[in-house]
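Two complexes come next, and they have one chain in common, chain A, joined by chain B in the first and chain C in the second.
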Partner chain A sequence: MADVRFTRFRKAFGSVEVIPELDLHVPDGSFTVLVGPSGCGKSTLLRSIAGLEEASSGAIEIGGEDVTHLDPAERGVAMVFQSYALYPHMTVRENIGFGLKLSGLPKEEIAARVEEAASTLQLTHLLERKPKALSGGQRQRVAIGRAIVRKPRVFLFDEPLSNLDASLRGQMRVELAELHSRLGATMVYVTHDQVEAMTLADQIVVLNGGKIEQVGAPMELYQKPKTPFVAGFIGSPTMNFVEGAPAKALGGAKIGIRPEHIDITQGGGMWTGQLRHVEHLGGETLAYVEVPGIGSMTVKREGDTQWEPGQQVHLTPREGCLHVF
Partner chain B sequence: MSTKSRDKRQQMLMLAPALIFLGLLIVVPFFMSIGLSFTDQRLVPRPIPTRFVGFTNYERLFDDPLFWKAVGNTALFAALVVPFQLFISLSVALVLNTALPFRGMFRAISVFPLLLPMSVVVAIWAVIYRIPTGPLNAIYQFFAGSEAYIDFIGSSSTAMVSLVVLSAWATFPYQMLIYLAGLQDIPGDQYEAAQLDGANAWQRFLYVTWPGLRNVNIFLLIITTIQALKLFTQVSIMTKGGPNGATTTIIYYLFQQGYTTQKVGYASAVAVIFFLAVVSIALLQRIILKNEGET
Partner chain C sequence: MRRSSLPLVFAGITALGVMLPLMMMVTVSLNPDEQDILISMGSIKSFIPHEFSLKNYADIWLDPQQPFARTMMNTLIITLSTLSLSILFNSMAAFVLAQGTLGLRKPVLLLIVATLAVPAESLVLPQLMMAAWAGLIDTYTVQVLPGIAHAMSIFLFYQFFSRIPKDLIEAARLDGFSFFQVWRYIAMPLSKPVISAVAILQFLEVWNAYLWPVMVTRGPEVRPLTVAMASYFGTNQRIPWGDVMAFSVSMAVPVIIFFLIMQRQFIASVMNSGVKG
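Up next is the complex of A and B:
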């Protein structure tokens, strides 16, 4: 078990600086999620922990030990790849036990540890199969099994659920959370999906163009986003932004209001607009309202509603729920 | 149903020109040679008409020591050149697949032998093998420290090996390019996973690269073996089957029988036997390798 620390870490590919100087601490035993839009450098940061990318400058420590120039195998980390990267010609058993075999562990010990990991992940009946005879979710489990048998100090996940269908993704999300609480290990997890970030993390790192926008607990990012980028990225549907004169009236140059923090009424409100479109999601309803002088605003309501497109409505931001930037 | 059968008809119509062409060029001569192998057909027509002779050609063939010598030579050549050439091809492909500086240039240079006609290749190697003062003999003399030299082409103990080296050099880029494509098909993250699992460079080759090239290897083993069994051009230009029959291959023997001694019927029998041998070797390799893979 160990923490991970980046100190004045910088990464460039040739002349392209992907990650300008950055400091980051991943506490021991935390589930830290790196989140941000595609191409913002999440994978690069994760692969730098693994040693698959070399730091251009600065240092990386794992458990207090400077690993900046260590080989991947010497860092005590395990990684689950987006594509799973299973060895296609090896059985599940061989895939999971490969790292142990290379480290020269006795056969009985390998077998015992593979069996243990397999039973944790409900893979026991699949041990003699090759990866091509497995479903996506099963392959995912094998990749996780390959990581846990090595008892690494830090687990690294690079968008591990993005190749699964929606229902399986939800299920695996729960399993990963359980795995983390059972092992208590440090996990660094990359995703571009803010739902995964919110549900899995105890610490979220929001990245934008290689820079850290904000680090914090999920609810902290939701309640007190420091920048419009974080505010827009965390929360679903995306936060509404108001600029110009209407924003000034509320006391800022740019005001953010979450869709769930706007009251919608038939008469008497701050802004008047026209209902453009309504989405019924079952448990909740989304209304898209065109407000002259502000633009389109999204409003979220619990349960079903009687809204009709084309209808005239009034919107009022809820007191104390404004984000002033 | 009607659209399906119409599709089929359309497909057949579109395939027809190619099929007719293939038929005239390959299938017809193939059956002709089977037919000829049962006759005493000569190259130049004779006053006596060609006769059907049954299995006479085949019976004579099986008692013909020169034929068996050619079979032995061909097998020896294949046994030497296939592993040698595949080893070179894979080695070069591995080097060219790394992040080598000027990689594009090296790739272009490495396929250079493929651009040369075999006659030019032979001319180049005739210079290299030259006696008593060719470059190879100069090296030999440097190490042996004497005036002695090796008659690479002219001595029956070295002629075959000389042919092997020349042939491997002349055609290895073909296998190399296929290896290169195969290497690029292996996903990079498998190497990264292996690295994290603690595999060193040799173990990554052993556990990722080599299994990843399985299908490529099967294909190349069959293709290269067949290529080796067909050895002819180099022999006919460089050694003329000599010295003392040491490099007479099956195809060269076939050529001698058919053209030099004009026994077309007999040569056709050689061709038929050769064809059957090649097909069975290819099938055998395929079956053996396939079984190995399933276990």
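Up next is the complex of A and C:
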């Protein structure tokens, strides 16, 4: 296990600067999630740790050792790819153990390590199958197994769940969290899904245009977002923003209010609006309200409600839950 | 006639066009009577076996002047050596061109593909001079060497290797594979269909080669089947059609067996080249 440290790291592809100079520390044993929209540089940052991208300048250290110019295999990292990247012509056993075979480990030790990883990931009964005979979730587990057997200092995950369907994604999320607590290893995880980021991370790094917007624990980012970008990216549904005169009345140039922090009543609220659309999700209900002078606002309520589109409603932001930017 | 049966009729006519010469070859090869062969020539009789004798086969297989087994062995040695070396070197070259990091890969590939436009015949004289200079005339080596570097094989391998997902190569690099090991343990096991395609194409090319072997061989020691067969036509005597056809059948059988072994992979390769963009 080891920490990862970027110092004045910069990455450019030709004349295009993808990641302007940044510093970042991934603590030893943490589950750090790099999150941001497409093209924000999160995958590039992860691939740089792996050594699949070279730094244009600056340094990367793993466990205090400068690995900036080391080959991927010499860095002591293992990576799980979005596409699983399993060797199609090898069985699950060979897929997991082949890297160890190349490194010259004795056969008995390879077999033992493969068995151990397979039992950790409940793959023992699939060891002789080829990847094409596995489901998406099983393939992802094999990819994780291939990473585990190498006993890496750092695990890297590049959007590993995005090819899975919603229910399997939820299940794998839990398995990954359990794996992290069992191994206690440093894990760096890239995703554009803020639910994955919130549920898995000890530390979230929000990236935008190659720059770090904010680093912090999930609830810290939710409760105290430093920028409107972070406020808008973390939390579902997205935060509402109020600007201009209504914002000034609340004490700022731009005010953010989370959908779950707005009270909705039939009369006597701060703003009056018309219900444009209602989404009944079972456990909760989302109301989209058009407020003159502000625009569309989303309101979230626990349980089911009797709201009807077209209805006039009054909205009041809860005191102490405003985010002033 | 139903519209759907039309392609079947065309396929039947095409198949007949391909099969007729083969039927004639087999029919004549089984007929021991040279007179009868000449009389039947041009009639339906030359396509339908009516004699079943292996005399012609015995003639050519046991001919002391021209040892058939020896020439067959020569052809096999030359073909299989060329094929294995060609697959080894051309796949390596293609892998570097497709997945390597060296500059100038595209221009080099273009140059290699451009050589496809150069007629092989125009290269024969300089090659002959080089072979003579190197003292390789009348050897297996001289018949194998020019066939090893093969532009079409490189191109076919290149097309396949450049479609191997980037993630797979990167996963292998993280697993500690060297560039050579990625080729050996990932790229080659995955490219069975291309190996079959390249093997079939080049097998036919080398098996049927005539111009180059006839220029660089002197005696029967290293001479391949094609050159041996030509000797039947070299004199002013009457052509022994029965022997010629028995020789042709004997020469064609290994090719057919080889194709049957490789056909499934070959067809997969041809289909893939159309489906996967």
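Basically, the second predicted complex is superposed on the first by the 325 of 325 C-alpha atoms of A that agree within 3 Å, B and C clash if a C-alpha of one lies under 4 Å from a C-alpha of the other, contacts with A are read in each partner's own complex, and residues count from 1 in each chain.
As a convention for this text, a contact is a pair of C-beta atoms (placed from the backbone, for glycine too) under 8 Å apart; a residue touches a chain by one contact, two chains touch by 3 or more.
Please read all numbers here as calculations on a predicted model, not as lab measurements.
Undergrad: Using the superposition on chain A, tell me whether chain B and chain C clash or fit.
TA: clash
Undergrad: Thinking of the overlay built on chain A, is A:M219 touched by chain B (first), by chain C (second), by both, or by neither?
TA: It touches nothing on chain B or chain C.
Undergrad: On the A-aligned overlay, A:A249 touches which partner chain: chain B = first, chain C = second, or both, or neither?
TA: neither
Undergrad: Is A:F98 touching the first partner chain B, the second partner chain C, both, or neither of them?
TA: A:F98: touches chain B and chain C.
Undergrad: Determine, under the contact definition given at the top, whether A:A50 touches first (chain B), second (chain C), both, or neither.
TA: Both: A:A50 reaches chain B and chain C.
Undergrad: What part of chain A is shared between its chain B contacts and its chain C contacts?
TA: 50, 52, 71-73, 77-79, 81, 83, 85-89, 98-99, 102-103, 146, 150
Undergrad: Can you name the residues of chain C that touch chain A in the complex?
TA: 165, 167-168, 170-177, 181, 185-186, 189-190
Undergrad: Which residues of chain A touch chain B in the complex?
TA: Touch list, chain A to chain B: 50, 52, 71-73, 77-79, 81, 83, 85-90, 98-99, 102-103, 146, 150.
Undergrad: Residues of chain B touching chain A in their complex?
TA: 187, 189-190, 192-199, 203, 207-208, 211-212, 214
Undergrad: So in the complex, which bits of chain A are touching chain C?
TA: 50-52, 71-73, 77-79, 81-83, 85-89, 98-99, 102-103, 146, 150
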